[in-house]
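Next come two complexes, and both contain chain A; in the first it sits with chain B, in the second with chain C.
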Partner chain A sequence: MRSEGAKAGLGLKLAAAGGLLFLHLPLLMIVVYAFTTEEKSYQFPPPDLTLKWFAVAWAREDIWEAIWLSVQVALISTATALVLGTLAAAAVARRRFFGRETVSLLIILPIALPGIVTGIALRSAYSLAEIPFSFWTIVLGHATFCVVVVYNNAVARLRRTAPSMIEASMDLGANGFQTLRYVLLPNLGTALLAGGMLAFALSFDEVIVTTFTAGQQTTLPIWMLSELVRPRQRPVTNVVAVFVIAVTFLPILAAYYLTRGGEQVGGSGK
Partner chain B sequence: MVAAVHLARASRRFGATLALDAVELEIAEGEFFGLLGPSGSGKTTCLRLIAGFDHPSQGHVEIFGQRCEDLPPYRRPVSTVFQDYALFPHMSVLDNVAYGLMVRGTGKAERHAAARDALALVKLAGYDARRPSELSGGQRQRVALARSLVTRPKVLLLDEPLGALDLKLREEMQVELKSLQKSLGITFVFVTHDQGEALSMSDRIAVFDHGRVMQVGSPEAIYERPAVPFVADFVGGSNVIDGAALALPGLPPGLYSLRPEKIRLGAGDDGAQVTAEGEIVAVLYQGGVHRVTLRLASTSLTVLVPAAEARGLSVGARQAVGWRVADMHRMEGAG
Partner chain C sequence: MGAAVATAADGRTGFWTRLSDLLYRRSGLVLALLLGPPLLWIGVIYVGSLFALLLQSFFSIDEFTGMVRPELTLKTYGELLHPANLDIILRTVVMAALVTLVGALIAFPIAYYAARYARGRLKAAFYIAIMLPLWSSYLVRVYAWKLILAKEGALTWGIERVGLTPLLEGLLSLPVIGGPSLSFSYIGTFLVFLYLWLPFMILPIQAALERVPASMIEAAGDLGARPGQAFRTVILPLALPGVVAGSIFTFSLTLGDYITPQIVGTSRLFIGQAVYIHQGTAGNIPLAAAFSVVPILVMAVYLTIAKRMGAFNAL
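Take a look at the complex of A and B:
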């Protein structure tokens, strides 16, 4: 329904367009500079366009290692989050127990906390417990916020799932396992997929927590950060950035479409 | 004959509240049995104890003579039609109905054939491929019914089965449920807070109040001969009169129920043996009749007056009424 006064004025339109441009033009510049022939500085417009940086990036071992490490970390963090987040959501959505609200808050807290706080906290905890930094300390750091995303999605879906549906399944002769397989999981399916994709994307481009929890390992975002101070072959970083944009953007887009229709994608703001 | 369902002094306590208080109930095989009561009276708790979703704190439940303490819902020969239908939104209508057979390991062809039969039974043939979200409320309920019947339960439990339907549909479904139950011959136990629904559908009714069964009997018995004031008021909207207040010679003391349609306006005509006079406090138009409330010295009376006779009644006026002693029913169960 559109009433007469609801039409946006020119000023508002310009402001909205300006805001959108401000958000997305820099992304476009990243893509443009992946093709520039000038390798030492970002001059506009690019003197000429070339595809050679893609070949250079392709040939560099350190990039492949960083990508592979990031993928591994993201996959394992997401898998951990899927299991723990779903279980936590099931407990909080289905049962009433003492301290339930507190538990719920504590699970969500890592996503509200600035990454730097999570990072410092984990780093001090690791050194207090004398845990050496490794691949697994990164995974653990990422899992703290990945769990939240999965939990938020799962808990929202569980709250919308009528408890009588589970009773109906049991009533019709299904045991607990059959009820989980045929009723609960299919209903949770898209929520878990969306939560998992978001968790993957969050982990894949995480810098702050990783800085504090990684030892010698270089994840892709950390590699890019270190690459910024190098004087030569700058467009290689842009090539990798384009790759990261694609890898993070696609799952988020997919998650958005999967959970469309009334359900919010919790925690997508981090 | 062993009872289809037997609640043996079953109690259910939720924290400090006693939702069900030592309920003793026997439901015979093939009966259409109504559990009637206001919300919070324990009737749904009762149904959940039979289904196995909940367990009695004291006492026990027997289904066809078998004690059910250790029987989870999926091992009981009962099936529930839920108030919100509880259809599985991610499955087609056919898969919903076939679900009970699927989890028992029945082959695809066989279970789909059985599901189609069940859908035909509830007049939904041809709706196989639809999703529950594409159906109307009435159709969803039929699917829920078919889904429960497909596993051939010995007892079908219905929780407020008609609560979410509009009046017209409700009346249709009352007739249909009744004839379905007759043709299938299985025991139906249904929960309702609607006395009209309970009266028109049940073979027998148990009236619940505050977790206790106040009276069990046929619809006629419950309506005509309530045992306690609560039943008189809840089921029939009957007047409850203290016999002592009438000062009639030869009338045994005690509480009496008197149906509002048995009271006539005016005193002394058509054989009225008891008369009273009071102030009219309310006149409610109800289609064919008016519901008139009179305030007497010690009590108030509700009178149903045919529309033709109700002209000239106004709030605040004094009005004489009369009724026959034979229409008064002494409530044996009351104090």
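Take a look at the complex of A and C:
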């Protein structure tokens, strides 16, 4: 490709740059709006800038409660997904067995189908089984689609782990558990960390499935959604949005640095 | 590591060693132990729920009591054929198709540049620039457009600055796609969908383009193809599975979204909103279930076609 020293044409460069701007400018707007003094409308440019909304948001009990619920849900869902996703990845990564394709399809299904299908499916299952909405009905849904993220990261890493390492460990007299403890898990560590962080970000931010499984409970995204549909204090919503951007960006970047240098892993197939 | 070797050298007597040997000989048992928990989880919770959904869609609502009648019937599916409901389905599918088409057009140059020209640090930057929006908060991204498209918002301001206000007003006065402001029109809904799902289109196209061997393009050149010709006859056909793979995401995600059209758009419903309203305030879970079977069917057809075109190799 580079051998002919080809340079990209101006048109291509402009189109690519334009596309990337389209992807990134909108989030910048949110940050700008978090500092506006205008309360009632989305006036642009902001008449003046202020920091007071950060203080107002900080003092709001309902926001803290929503954040705490979201964090709890995300932590438990991520932990569940880490166990289930790693097990599934270990089974699928190297072995060939009857129904292997079906297993990977099943695991990917919760994100391949539109989110609303997952949501309404869980909702009708709860309704048929007469399970009342609770903290755990949210976790069930979240853990289900978080499994995929962990699974994708773990499978990719396992496929890159040379089989000779495992054989060498066995040849040196380690039993299966020792090989797992000293060879496989250290190798898998960063992939699991990355998968876990992405799963956390995914769960922390999930709203489509959650509205169907939460009942009257308010996670942070549900709080935001209700503010978007019926705005009460717009600048406070802007501040929360900036907070959410920060909370989700960090794990994504960290996950990228943990898994780079191989086939693309981090986000392949959200 | 040292500890591992020391204990391992103790001979094959310890409990764990014997257990490990047993498991090594019975790899089927290991497989069952590994697969059991995740399959049980997904099987019971997810597949079970999908069956519950399917089952509910064959139930119906008793018109007098408003309760769900647990008898199998096709009545609820019949309701889908009401003109109003058909409208909803058609509107959603057309929107999904448009978003997919325009998404592919915008995504291609980005993917092409990232795959063929970006190197080293620039390539990593491209990758992050595409991944960040993909993983960052969906709601916040929709919200950003609420700000941008508002009548008093940034886009109107920008358009006024460059003197194109008459054009915008003309656009908004058009029937069907127009509206009081961009944030209350189909144009707005379309823009937000386009923005939301663009990364899902870029990544598979980029992956497909990266697999086109450079030698093949050189060969095309050596055989006398002009760059445009080489692009049309070599690169584009090889990138097509990537485009189709990306379109699976954009299509499916648009079909199932119920939040975007609620925040940016007109009061006319999309499939997702219909599902949401029927299960919620209306309490008509059977109709909601039947509605949500529509995107599943549309996607099944779509996936069958995509598979024929080799899209799954590009995922």
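To be clear about the criterion, the second predicted complex is superposed on the first by the 252 of 270 C-alpha atoms of A that agree within 3 Å, B and C clash if a C-alpha of one lies under 4 Å from a C-alpha of the other, contacts with A are read in each partner's own complex, and residues count from 1 in each chain.
We adopt the following convention: contacts are C-beta pairs under 8 Å (C-beta built on N, C-alpha and C of every residue); 3 or more make two chains touch, one makes a residue touch a chain.
No experiment lies behind these values; they were computed from the predicted model shown.
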{"item": "Contacts of A:I131 with chain B and chain C, given as first, second, both or neither", "value": "neither"}
{"item": "Contact breadth on chain A, by residue count: chain C or chain B", "value": "C"}
{"item": "Touched partner set for A:F97, first chain B, second chain C, both or neither", "value": "second"}
{"item": "Which of chain B and chain C A:A174 touches, first, second, both or neither", "value": "both"}
{"item": "Partner chain in contact with A:A162 - chain B first, chain C second, else both or neither", "value": "first"}
{"item": "First, second, both or neither for A:N187, with chain B first and chain C second", "value": "first"}
{"item": "Contacts of A:V71 with chain B and chain C, given as first, second, both or neither", "value": "neither"}
{"item": "Touching both chain B and chain C, residues of chain A", "value": "169, 172-175, 178, 182"}
{"item": "Chain C-touching residues of chain A, taken from the complex the two chains share", "value": "1-4, 6-8, 12-13, 15-16, 19-20, 22-24, 26-27, 29-30, 33, 41-45, 80, 83-85, 87-88, 90-91, 95, 97, 103, 106-107, 109-110, 112-118, 120-125, 127-129, 140, 143-144, 147, 169, 172-178, 181-182, 198, 201-202, 205, 207-208, 211-212, 221, 224-225, 228-229, 237, 241, 244-245, 248-249, 252-253, 256, 260, 264, 266-270"}
{"item": "Chain B to chain A touching residues, read off their complex", "value": "51-53, 72-74, 78-80, 82-84, 86-90, 99-100, 102-104, 147-148, 151"}
{"item": "Chain A residues within the chain B interface of the complex", "value": "162, 164-165, 167-175, 178, 182-183, 186-187"}
{"item": "Contact footprint of chain A on chain C as seen in their complex", "value": "1, 4-5, 7-9, 12, 14, 16-17, 19-21, 23-24, 27, 31, 34-39, 41-43, 45-50, 52-53, 55-56, 106-107, 109-110, 112-114, 116-117, 119, 124, 126-148, 150, 152-154, 156-157, 195, 198-200, 202-203, 207, 214, 217-218, 221, 252-253, 255-259, 262-263, 272, 275-276, 279, 285, 288-289, 292, 295-296, 299, 315"}
